[in-house]
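Please go over the structures that come below.
Look for chain A in each of the two complexes below; its partner is chain B in the first and chain C in the second.
This part shows the complex of A and B:
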């Protein structure tokens, strides 16, 4: 099961002098139970792609298949898509508007086919998984929370629908290091439960820690795609797309060019530590 | 805020560090009277920041660049956007073009005067936002996570301009969650729960693993590597702050 785009073309300002193709035939796949990172410099088309995937923008040509169904088909039920696919945009905290935390998290459930009890359980679950005590914050105003808390709250609002697919645009920008770490932990947990996750991010360290696969875009096209370590191994191509590799990969590379035999597959922090320990135990260099 | 005392010297580059909700943004919003002082004393460049009487002097003295570049545009083209602040400060009309040009030059955005902000990259947008601040010629420039939404190139563009501003004598206060960006600051101030936890040179504050941890922060990656290797029986000669230093030490 997956979200698959097939040769998606999308233009902004179609048929105007400012017309610009931002997606030039993009075929990508977000698989169930995996975390896929979409990377690329500002303006490469990442955010447009996820909006097309979520059925929020209609492509000029190409198809978007969600679990084998073409979401652009006339007969396709977009409401069902909303219950299946959650999107967290940049600055989700700006989308908080309800009078209480519990109401805000429950807003997306209003039109879903669920009993009140199920809704309440979902709200509790979403608040808890995002690190809140539902009894403590449920009745508070969302506007009184800190920036990081608002972010977590907004994400809880999307999780409350228990989406099968979750798409996040720059979810960790503005979170402190422990907030980022907790968030990575959460993504891994959701993935384990089978959620198909796509994250758009510039944060290569986060991508190295949690993404199974990476898609790199440049100028409206996919230039690289594959397992995270395979993509990050090719540092030159990654840099060409204006994307960073993780710090661990960078250091491993620097050590290798100095003749120290750490593995070129070292992309995560913990792997870097083990590699250095392994090499030093083998006798210095 | 619960009793914050600190002193930033003229020309200093200070990095303000702390977890979400620690009070960093609230603190700096007092410096140019975006938030008014409830209790205590605050003097910015010799100007009393309590009460409302000096608001405009304070705002002229310190400018701020925020996290989201898209929220900081008010005009349809770059030139007008940079000029906007000047009009508010009653800068004589004939002086405005020179001030705008100078500001755009300082951020490397000369030639973009007629561009619409939405056609710019993230880094370019932040540089234009900064030019709008610089046109007012503030002594103090405050960055509130100004790099956190940017791609790698955008980040390094903004960081290199921050360094240039510092060299030109401006006082810089920057909030960042990328602790690596604090390494080149003159001083790092660590905040938690609305208080200053400690303040000192990067090599002291950023290597103090326990204190950072108790304030909800993580040391820079090279520092973490140093301690984690130590625990696994690999001793480096000293604790590195940058990736380059780390590589150097590992190669010994």
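This part shows the complex of A and C:
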């Protein structure tokens, strides 16, 4: 089960002098139970791609298949898509509007076929998983929360529908290091429950930490795709797309060029440390 | 964002694009006067031919010029119907309760609709060939003489220019918020009028909040960069008006004069 795009073409300002192709035949896949990171320079088409995947933009040509169904089909029920697929946009805290926290989290549930009891349970679950005490914050105004809390609340609002697929655009931008770590932990937990996750991110450390697969985009096309380790191993090609590899990978590379035999598959801090320990125990080789 | 937005500036190198923006704005005002004086079929013919010529000079297709009028179609029809049915005439064609259909009413309705259409077309041609920044500087220089009677011309121009510059930003942001809410299951298109109005709430509240926040931030940033009101501000450059623009102004003045006469 997956979200697959097949040769998606998308253009902004169609038929105007400012016409610009942002996606030039992109075929990508977001698998259930895996975290897939989409990386690339600003303006390479990442955000457009996820909006096409989520059915928020209609591609000029190509198909978007969600669990084998073409979402561009006329007969396709978009409401069902909304219940299946959650999208967290950049700075989601901007979308809060309800009078209470509980209402805002429950907004997405309004149109879903669920009993009130189930809805309440979902709201509780989403608030708890995002680190809130539902009884304490449920009745508060979302606008009175702090910046970080608003962000977590907005994400809770998307999680409340318990989506099978979750797409996040720069979810950790503007979070403090502690908040980022907690967020990575959350993503791993959701993945374990079987959620298929796509994250758009510039943060290579975060990608190395949690992503199973990486898609690298450049100028509206996919230039690399594969397991995170394999993609990050080829530092040169990654750099060509204007993307950074994780700090741990760079350190491992620097150590290797100085003749210290750490594995080129080292992309995470923890792995780097154990590699250094392993190598030093063997006397530097 | 609405990509086919009517009246949005389209960069270009046409005759109208290159004309002096002050002359264009002034010509626009003269043409509004001309519209006010237009009330005969011959007058409308002159106006529409002139508009077609201007549209051609601006490199616009008939379709794109008319699209803005078409968008207001229902509104224009409503105006026509209201005028036709509520005009108090001594010689109505048809009378029922408070409604009375008359020839005079229909003529007045047609007059109002045609005038509105002309103004829409004119403003479309102006804004499609003049960037917001050019328009701002034109307004500023046209308001300039009013300083002597105590009108804060620069401040007014600054307020307008900020307002205009933020329109695309706010449009873009509302589009983002709209998508985010759709992704959360909001429905903006379907339902009864009341439901649809209520459905706009998820967009309006966030847009207001972020606009106020942005205004605050902008004010702080302007102060931090030394803005102390319009006092002692100097213009970046002073352009001289070119011959072509003067000719255009004269032509517009002639059209206006013709409308007054016929």
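Please note the rule applied: the second predicted complex is superposed on the first by the 283 of 285 C-alpha atoms of A that agree within 3 Å, B and C clash if a C-alpha of one lies under 4 Å from a C-alpha of the other, contacts with A are read in each partner's own complex, and residues count from 1 in each chain.
Methods note: contacts are C-beta pairs under 8 Å (C-beta built on N, C-alpha and C of every residue); 3 or more make two chains touch, one makes a residue touch a chain.
Keep in mind it's a predicted model, so treat the numbers as computed, not measured.
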### Query
Taking the superposition as given, does A:264 touch the first partner, chain B, the second, chain C, both, or neither?
neither
### Message
Tell me the contact category for A:175 with respect to chain B and chain C: first, second, both or neither.
### Response
first
### Query
With the two structures laid over each other on chain A, which partner does A:62 touch: chain B (first), chain C (second), both, or neither?
neither
### Task
Considering only the touch criterion stated at the top, classify A:33 as touching first (chain B), second (chain C), both, or neither.
neither
### Message
Taking the superposition on A as described, I'd like to know which of chain B and chain C A:255 touches: first, second, both or neither.
### Response
first
### Partner chain(s) touched by A:25 [first = chain B, second = chain C, both, neither]
neither
### Query
Should A:131 be classified as contacting the first partner (chain B), the second (chain C), both, or neither?
neither
### Summary
Interface residues of chain A shared by chain B and chain C, listed none
### Query
In their complex, what parts of chain C are in touch with chain A?
3, 10-12, 173, 176-177, 179-187, 201-202, 204-206, 209-210
#### Entry: Touch list for chain B against partner chain A, complex
18-21, 25, 67-68, 121-123, 145, 148-154, 177, 179, 216-218, 221, 224-225, 228-229, 232-234, 243, 246-247, 250-251
### Message
List the residues on chain A that touch chain C in their complex, please.
### Response
12-14, 16-18, 51, 54, 56, 79, 82-83, 85-87, 89, 92, 94-97, 107-112, 143, 157-158, 161
### Query
Within the complex, which stretch of chain A touches chain B?
40-43, 90-91, 146-149, 151, 170, 173-179, 181, 202, 205, 242-244, 247, 250-251, 254-255, 258, 260, 269, 272-273, 276-277, 280
